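Take this structure, written in C-alpha cells, and hold onto it; I'll ask about it next.
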Amino acid sequence: MEKIKVGIVGGTGYTGVELLRLLAPHPYVKLQVITSRGEAGLPVSDMFPSLRGVVDLVFSDPATVDLTQCDVVFFATPHGVAMSQAPVLVAAGVKVIDLAADFRLQDVAVFEKWYKLPHSCTDILKQAVYGLPELYADNVASAQVIGNPGCYPTTVLLGLAPLLENDWIDYSVPIIADAKSGVSGAGRKAEVSTLFSEASDNLKAYSVAGHRHQPEILAQLKKLSGNEAVNLIFVPHLVPMIRGMLTTLHVKLNAEGQQQSLQQVYEQRYHKELFVDVMPAGALPETRSVRGSNCLRMAIYPQTEGYVTIVVVQDNLVKGASGQAVQNMNLMFGLEADTGLQVLPLLP
Amino acid sequence: MEKIKVGIVGGTGYTGVELLRLLAPHPYVKLQVITSRGEAGLPVSDMFPSLRGVVDLVFSDPATVDLTQCDVVFFATPHGVAMSQAPVLVAAGVKVIDLAADFRLQDVAVFEKWYKLPHSCTDILKQAVYGLPELYADNVASAQVIGNPGCYPTTVLLGLAPLLENDWIDYSVPIIADAKSGVSGAGRKAEVSTLFSEASDNLKAYSVAGHRHQPEILAQLKKLSGNEAVNLIFVPHLVPMIRGMLTTLHVKLNAEGQQQSLQQVYEQRYHKELFVDVMPAGALPETRSVRGSNCLRMAIYPQTEGYVTIVVVQDNLVKGASGQAVQNMNLMFGLEADTGLQVLPLLP
Amino acid sequence: MEKIKVGIVGGTGYTGVELLRLLAPHPYVKLQVITSRGEAGLPVSDMFPSLRGVVDLVFSDPATVDLTQCDVVFFATPHGVAMSQAPVLVAAGVKVIDLAADFRLQDVAVFEKWYKLPHSCTDILKQAVYGLPELYADNVASAQVIGNPGCYPTTVLLGLAPLLENDWIDYSVPIIADAKSGVSGAGRKAEVSTLFSEASDNLKAYSVAGHRHQPEILAQLKKLSGNEAVNLIFVPHLVPMIRGMLTTLHVKLNAEGQQQSLQQVYEQRYHKELFVDVMPAGALPETRSVRGSNCLRMAIYPQTEGYVTIVVVQDNLVKGASGQAVQNMNLMFGLEADTGLQVLPLLP
Amino acid sequence: MEKIKVGIVGGTGYTGVELLRLLAPHPYVKLQVITSRGEAGLPVSDMFPSLRGVVDLVFSDPATVDLTQCDVVFFATPHGVAMSQAPVLVAAGVKVIDLAADFRLQDVAVFEKWYKLPHSCTDILKQAVYGLPELYADNVASAQVIGNPGCYPTTVLLGLAPLLENDWIDYSVPIIADAKSGVSGAGRKAEVSTLFSEASDNLKAYSVAGHRHQPEILAQLKKLSGNEAVNLIFVPHLVPMIRGMLTTLHVKLNAEGQQQSLQQVYEQRYHKELFVDVMPAGALPETRSVRGSNCLRMAIYPQTEGYVTIVVVQDNLVKGASGQAVQNMNLMFGLEADTGLQVLPLLP
C-alpha cells in the first residue's frame, strides 16, 4: 500500500507532539508537513527533543504551505481553525480530522453559544462524522471530515453506550459524571493556573457551572438513547498528573436494566473492540494502566437501589485525543483500527 | 492556666507526627509522653527531623509507660488499640481522644462487621462523643472520650449539615459522595500500593464496593436528618498528592429545599465557625488553600432539576484527623477552639 | 512595642504571598499596604484563598500609593524595581528590603552585565547590606537597605562559611556547587517551561553556561575568604517539587583543613544560630524537613583525598527568600531573629 | 529466524514488568516462562493490568519450572539469585543476562564487601561480560553470561568514555559524579522511605558515604583508562519522579584534553550508536526526553580552568536496566541492537 501523506496543522501543542509520536513510526504514514505560526523554520526536534533522530521535519509557515498535497490533514489547533481551512481541503479531496470542537456539535446554535464563535462552514459540518469509532465505525470509514471527540465525552459515552443502546437507564434521575483529568488536558499554553507550583500537590473541581464538553456529551446521549429527557450533571476536576483521565459515572437503571448482568453485557458489547477493555468484576482501573496507549478500560459496580457506578480510564492525550484521531484515520483509509497504535502502556 | 499534660500513643504515623507539629507549639500543652512499640528509645526527632530542636521527647515503650499521669491521651494507632486501653484511663479520670474508629460507631454490630474486631468496651462507647465540633460542640466540651471522625465523614457531614438540619433533601434519591484523597490518608505503612512509583502520576477509585467510612457517614446522616430512608453512594479515589481531600457531593433537594438561597443559608450556618469557610458563589475550592491548616472550605453550586453540587476541601491530616483532634481537646479543656491551631495554609 | 508598618511592593508572586503568610500573624507587624500593577483593586484573598479571613487588604495601585507612610517596604518585584523606588523611601527614612538582585552585587559592572540593566542608584547600593544574617548580623541590624540574598547563594555561603572563615579550602581546585531547586523558584509567571506537564516527572540542569547567582556567590566567596583565587563551578537543576532546595557542595580542603574535625567545627560555628541546623554525622538532610520553615539544615561528609561533601537544604521561598527577609526585618527593628518565624516544617 | 525462547526469573519487580513491556512485542521473541516465588499461579496481567490482552503468561513457581528449555534467561531478581542458578543454565547452553550485580564486578573481594554475599560461581564470573554494548559490543555478541550494568554506571561510563579512551582526564583531581535518580530505581519493594508521602515533593542525597555503584564505576574507569590513579566522588540523590536519571559529571581535563573540541569528539565517538545522542552545544537534556525509551542523551559544557561538565540523561528502567538487557540479548543473538527497542519517548 502506498503511504498516506499526512499533514498536521498546529504541531506545537500536546496533541500535536502526540500525533507525531504515533504517526512517525506508523508503517503506512509519510509525515509530509507540519505547520506552526509561531515556530515556522524551527526543526520539530528542537522543540521536542524526544523526537531527535526520528522526525526530521521543520515547522512550516501555515500562510505559505500547500496542504492540498496531503491525503489527510489533522488539526491540532484551537477551536475555529479547522473550519476556516476545511472548505479548501474538502474541495481538493483531502480528508480532515479536527481534534478541536469545530465538527463535533451538529447543533450550530449550541456550538456558537459555548465556543463564542460563528460557525463558518455549516455545510461541511452537516456531513462531518463524530469520530468515536466504537460507536460509529461505518460512518467513520466513509467520512471525509471527522470531528474527533473531546476527551471527557469519550469516557462518558463508551462507559454508558451499552446501557444507552439497550434503553436501560432511568432518565428521571440525571446521570452524574464526576470526571477527573490530568493537567496535559489543559494544553501547552503558558498559563498561571497550570504551572507546576499551582497544579502540583493540589486538587480542584473546575467549570462546575458549565464545561464545553457537557453539551457535546448531552447531544450524544440524546442521540444514542433516542430520548430527549436524558439529563447530565458533569463536574470535571484537575488532578496533579500529566496524563490520564478517570470518569466515575453514577446512573440509575430502569426496571429492565436492574435485571441485567451488566458485567456480561459490557463484556459482550466490547468483546471485539481492540481498544476497550472491560475489566473483571471488582477490578479497579488505574490511569497508569493505559498511560501512553490507546486503550480505554472500565469496570462496573452495582450499587444500592438500582444504581450502578461505572469507572472509566483512558490516557487523555491518546484515546482521548491523538490516538483516537489516528484510529479514525486508519478506518478512513481501510486499515486495521490498531495499525501503528499497538504501543503498550508505560507502567510504572 | 496550668498546662495540659498530653500523651500520644502511637506516634510514628502521619497523624502522630501531625499531632506533634500542632501540639509542640500549643501554648497550653505540655507534651508528656509519646509511645511506640517499634521505636521505643529512639528520639522523636531522629525519626522526624522536621522536629529537631522542637520536640526532645524519646519514644517510650507502651508496655512500661504510665499514661494515667496525663490529662488527655491521643490514640494515633490502628483500630482496636484505644478500646483496649481506654478503661484504665477513663477510670483514672484521663480524657481520651481516639483518632481511629473504636468510638465512632454507636452500633456495635456495624463496627464489628466493618472492622472485623469484637468491641471490648461497649459501656465506654455509649458515653463516647463523635468529635465533630461544628455539629456537637456542647457534647464535645463535656466528653471524657472522643471518637475523632474519619477524614471522609468530616467533609460529607459538614458539606451536608445545613441541608440535613433543615430537612431539605429528597431522600428518594441517594446522596452521591464522590470523594478524593491524597495518599497520606493511607498512613505511613510500608505497602506496595502507596509507593511513589505506584501512586504518582496515577489516579484510581478504590473500595468502590464498600469503604469503612460509608457506615460511619450513613449513621451520622440518619442521626442528623432523623430519617432512616437516607441513602448514600460513596466512592473514594486516590489522588497523587500528599495531603488534601476534596469531596464532591451530589444531592437532590426536596421542594422546600429548592426554594432556598443555599449560598446564604450556608454562610449563616457557618458564620461563627472558626474553621469552616463557605466560599463565595462560583468559587472553586482547592485543596492547597487549606494545606497544613485546620480550615475546611466549601462551595455550593445549584444544578439542573433541583440538584445541588457541593464541593468541600480540607487537609485530611489536619481537619480530617489531628487538627480536629486538637480542636476537640481545646473544647474539652475550656479553651478557644482555635488555640494553637492558627497556623496558616502553605501555598504554594 | 508599637507595630511595624509594613508595605509590600509586588504582592502577587510567590515571594509576595509567602511574605503575607509570615507577616500576617507576626506579633509586631501591621500590614499597611500591598501593591500590584496588574491586580489593583482586587482583594488579596481573592487571589490567594489560603489567606481568606486572615488578610483583608486590597491590592493598591503602585502609581498612587504613598509608601513613605511605612516603616519598612519589601520589594517582591522583578529586578530593577527596588532601585527605582529606593531613593524616595530612603530619603523619607523608610527601610528597604529588596528580594530581587538590585542591592546584592557591590560591583556595578557585574550587576549590569548579568542583569542587563543600568544601575540607577549606586550611592544607595554602596550602603546596602547583603542580608545574610548568619554572616552579617551586625550590619543587618544597622542597615537601612538590604539586598536579600538569592536562594542558591544562601545555601552555598552558609554551607561553606566555616571553611571560608578559617581559610581551610584549597583554592587551586574550583568549588563545585551542584544545586537543585523546586519549581517555585522560577516564580509565578505564565511560562511554558514551568507548566505542570513540562516540569513534573522530569529533571534537567539549566543555565549550565552561566546563572545569575554564580557572580553573587563568587563575590561573597571572595569577600569571606579574602582570596581572589577562589573559583566556582555552579550547576543548577530543576526538580519536580514545589518548594525545596538542596545544594551539594564538593570542596577540596587544604592541609590545615584536612586535619580538622569538621563536624565539630560546624556544630560550634552554628550553635547559636536559630535557623541553621548542623545534622549529626551520617544524617541525610531532606528538603521536606524544612518545608515551610525558615530553617536550613546541612550535613558534612568527609570524602577521599582531602575532599569534603556538604549537603545543604532549605525551603527556597522561606530561608531562601521571604523568611530570610523577615529575619532581616526583625534584626533591623531590634527584635529576636525568630519573631514570627517559629512556624514548624510541614512533614509529610 | 526462529523465535528466541525467553525466560524471566523474578517478574514482579519494575525491571521485570519493563522486560515484559519490551519483549512482548519483540518480533523475534517468544515469552516462554516467567517466575515468581510469591505470586506463582497468578496471571501476569492481574498484577500488571497494563499488559491485559498482551501477555497471557501465568507466574510459575521457580522451584518447579525448567528454565533449560529457554534460549536465554533474564534475572530480574535480588543480588545473589543469578549466581545460584547460572551454573545449571550455562551447562545447558542457555544464555544468561543478570540485571543484578552478580556478574558485574570481576574482583570477587570487592563484590563480597559491598554485597555482603559470598560469590558462589567465580568461574562463570570470569567469563561473564559487562554488558555495556557501546563499550564492549564484540564481547557482548559472543558472551554466554552478561552482567547487565547498574543504572548509575551506565550514565557515568558513557558520559566519560570518549575522555577515558583518549586519556584526556587529569586524574590528580577526582571525577565528581553528582547523580540523581527517579524513585523506581529503588524497586517495587514495600518500604516506608519510598512511599509517595515520603518521596514526593522532596529531595535528598543518599548513600553519600558509599553506594554500591561506586566500586562498579571505579572498576570500569580503571579498565577504560588503564590508570589505577583515577578517583571518583559519587553522590546519588533521590528525585520525586517515577523514571529518569540525570548524572552531572565534573571532570578536570589534562593539557591535551583541554585542547580538544569535545563537542566534535563526542559526536564522532557516538555517531554510529543507535541509543546514544550527543545533543548540540548548549542544549539541556531532560529526563522526559528519554522517558520509556532506550535512548541516552548527553550534553558537554566547557567550564573554567580546564574543567568540563557533562550532563547525561536516561530512563533508569530502560537504558539503565531492562532496555539495555534487551539490547544485549539482541547482540547475543545476532540481531540489530535496536530490534524491538524502537519505542519512542513519552513526552509529555
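By written order: A, B, C and D. Residues from 1 in each chain.
Definition applied: a contact is a pair of C-beta atoms (placed from the backbone, for glycine too) under 8 Å apart; a residue touches a chain by one contact, two chains touch by 3 or more.
What you see is a predicted model, and the numbers here were worked out from it, not measured in a lab.
The interface with the greater count of contacting C-beta pairs, when C-D is set against A-D, is C-D. Centroid distances built from C-alpha atoms place C farthest away from chain A. Between the Cα centres of chain A and chain C there is a gap of 46 Å.
The mean-CA centres of chain A and chain D are about 37 angstrom from one another, to the nearest whole unit.
Centroids built from CA atoms put chain D at 39 Å from chain C.
Among the residues of chain B, those in touch with two or more other chains are 14, 182, 184, 188, 197-198, 200-201, 240-243, 285-286, 288, 291, 348. On the side of chain D, the complex with chain C involves touching residues 173-174, 176, 178, 180, 182, 197-198, 200-206, 208-209, 231, 233, 235, 237, 239-244, 246, 248, 250, 282, 284-288, 291, 299, 301, 303-305, 307, 309, 311, 313, 348.
Considering their complex, residues 14, 17, 21, 24-25, 48-54, 184, 188, 200-201, 242-243, 277, 279, 283, 285-286, 288-293, 297, 317, 342-348 of chain A touch chain D. The touching residues of chain B, when paired with chain D in their complex, are 14, 182-184, 186, 188-192, 194-201, 240-242.
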